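Labels run A, B, C and D following the written order; every chain starts at residue 1.
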């Protein structure tokens, strides 16, 4: 796997998404690119605002939304203490970045692959879609709460067949869940692959369908992290180790396995649905 | 004495003084003026950067350099944790201000009054000179380390007879000290008044001459402060209480007095030289 | 929301507070220093600077220093003494409208009793708060608060000397088992417990190679110690049945509610007053709104309701 | 400056460190996690994650939380166990170039002795560090580190079982008198003392009304506790004659020098590694420069040189 480095990177710009009058909740942060040798889609970085912060001592994990020789793009939601500070960054500001971290989302060139994203969970799929060797085998269902222009949906839709589903009501949500199940069943039949990224309740739903329909499914977890490098053991998740790491196409669902506490930051953040306890 | 208030004030501008190429060490901070009823020269304010600061929990004391219906001007030196942060303030930023605090420098319309300032100690004399009812009775000796344009000297020199003395060498310093002694002797003879503001070693020198030549002298102390309002007892200085607070013109020097720990922030920052232990 | 009166009852005595937000001893002067910044009567209560029989000049300077998210102090209990307090401070305080609590400092149980007796005979004092972190001068100088036996002795001395005045005992966190001390004080008649005093710490200046405090060792306070204070309140409220006043790093209305959630009946705001002089007023005022924001309809419902 | 080798000798055993900057147990994994961020051999020493005889899965999640200038953890000593450590971790560490110190976790003196014996028989371990903050399972679960008698028993058990291997004992600050425990460990044969482990604390989430840690109570670390750690090191170095390793909130080279100024012989960097993965490397590297800046020509000269 790739070898992470720690560097100081410069803010190139910060673009608010969506044109609501108020302060933007979703923003794309463009940084000078770290001197990475290689990265795989689904990996993440830790960002830390430089200086002393009484309020937040750790860095924060963010999916690599896009990386090019010119920039590293993070797409984030201003929701808490650090992300709200990040929303105030200005071009020229310098922040600490370490990465690329974690394992990658599975890439299988010729397998029909379904991407399921909930809200900010769209972030890693941008890099995934842009680097996939056969994007025509990808399709995406994207559930979102705010208007579509709040998310980097267009840059994804350029590359792959992606359908947005705005969730404003309970009915919207039920419809989206039903659709996800249908699409996962299709992929089960086609011996396809499912990749899901979004909030934990969303991942739980996907996991249920994955087990029910026996479709190989990877879940990108969002655990609270300290170090991001596997040392502090603050981000563990229970994983059934004896289940083969990459299940065969007929999707064995593990039962009665012994669970181990594995670090989400180094053994994940992408876990097979049949192995991980959410 | 004036009734202090706490308010949020807006940065109007921040003007670096001196045109050295590097980061300015001396800056004038112009704030929207608090709704003060009255202030007296020699009083100070506490400033606190808004938000949570792991590094500095207290506000910081600054002399009121100038206050008008349009602005409150603080002249400060970027020397430590907070003042270096203050040097990064931008117009529109909002900070917490409480004041006016402390007692005033003594104003005696018809008394020849000598102002002695060391470095940043010039700050309170700007307001003093601008509000004095008979500025022609004032004169000033100003010792400074950096080029004169680093300090608000010109705005003082407009109003009063002020002489700058750059101190680059030990000889410069000795000459300045000798001059101060001479000027204090003159004021002793004229039953004049001396007011001094500057670093503690400077104040000690002035105190020695005040006692030696029996000239009524007020020292503006710079003690580290916590609350600024007399509550935490973190800023006390030993004061001989029984010495009459405003000594008669023939300048009794107290000896063998009982000393009390008085708060610099409320009983000072301006103390009579014959009363205070430095 | 509206009325937030808090009743603290224990061992047969009762203290009624305006609301749950008091000020912590030593961080709010005699209260008078803060009249420019708010209405004293809007506070739950005022705890005055630690008082001794005779005036004390306290420790040499420097006495305070900043630390990461906190501060150290070794003021050394400088105070004006009983006479001056009763003559010049107490009469100016709106003691009819806000409970005035006097924090006691003495160096032997007998001296504690004498001071408590004098205060009990004084009009306008709502309760006493015993600072058991004082050094036990007779028995070698380690603090009363670090031994259950001595803590109980001091508590008993004050309780016996103070008639029906409620007696709060202020616990030190610098002990192996705070619950042991808490139980001893409860057993000795304390009305309620104040929890916690400062954590022993020190700081040094690398440039001068000197300690940041002339006294070398001092007390750490402020947000840095909030996790320690919450733990102490949590442990103590589960060990005793008298009420507990939470203290340590409180600087927002959310902090107040956190202390109540772990079991406190009221709180004291300390270092935050030093950081911004309207802190206690602002926190007391904002509390109902903050409760509303978190869907908390009553403090009684919240108290000790931590889900585990 | 150049060579900064540090020799820790006490009770007849000696540990030589590359320089005074080590990493603190539990904050640096098994060291291997940090190879991308610096050269392990540039550190004074590496203290591995607390090791037990058998693998342990640790506490349920959540296990870590941020606090003002600090953090809480209740990882619960999750570790891979002795066998796995010796088979898969130790061989990958550059133990010829940097002292590898194993932090021990057990629940009885006998278990401590067994683990110490196995480690003493293993190639590549420079010293043991006894975590006496473990619960004493046999005697009710309160920690070994909170009783001088038990601390001495555990120390003795490890010292006797470990041949000539240096034995560091890691003290808990959650005691009434840390010097009492320190002296007991010195008397029981400790080579040096590590000072301090985390401070007991807790945090709560107002929204969910749950504790921030599944274990409710956890250990506070980071800059917030630096004043407490400095005070402990100051007290302990004046009470014992074996060397002391300072730990608590160190995140800059200045912090290192502050600990040495109050008496420490070396230090460990903990939470700072979690905040930024090159912290320990950066601090070790910058130390000579920082010494120069403050006009400190040797650590021996600085050590304990606080002017009071």
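By definition in this document, a contact is a pair of C-beta atoms (placed from the backbone, for glycine too) under 8 Å apart; a residue touches a chain by one contact, two chains touch by 3 or more.
All values reported here derive from a predicted model rather than from experimental measurement.
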Mutual neighbours - chains that touch subunit A and subunit C alike: B, D
Note to self: most contacts are between C-D
Distance from the mean Cα position of subunit D to that of subunit A, given in whole angstrom: 36
With centres defined as the mean C-alpha position, give me the subunit C-subunit D separation in Å. 34
Taking each chain's mean CA coordinate, subunit A and subunit B are separated, in whole Å, by 57
Touching at least 2 other chains, the residues of subunit C are 68-70, 222-223
Set of subunit A residues in contact with two or more other chains: 52, 54-55
If each chain is a dot and touching chains are joined, what shape do you get: line, ring, star, complete or other? complete
Spell out the part of subunit B that touches subunit A in their complex, as residue ranges. 52-55
Subunit D residues touching subunit C - in the complex, by the definition given at the top: 67-70, 72, 146, 174-177, 199-204, 206-211, 216-217, 220, 222-228, 230-231, 234, 249, 254, 257-258, 261-262, 294, 305-308
Spell out the part of subunit D that touches subunit A in their complex, as residue ranges. 26-29, 33-34, 36-37, 49, 57-58, 61-64, 66, 68-71, 73, 75, 78, 222-223, 271, 273-278
Sites on subunit C touched by subunit A in the complex: 68-69, 223
Residue numbers of subunit B touching subunit C in their complex, please. 3-6, 48, 52, 54-59, 96, 98, 223-224, 226-237, 260-261, 266
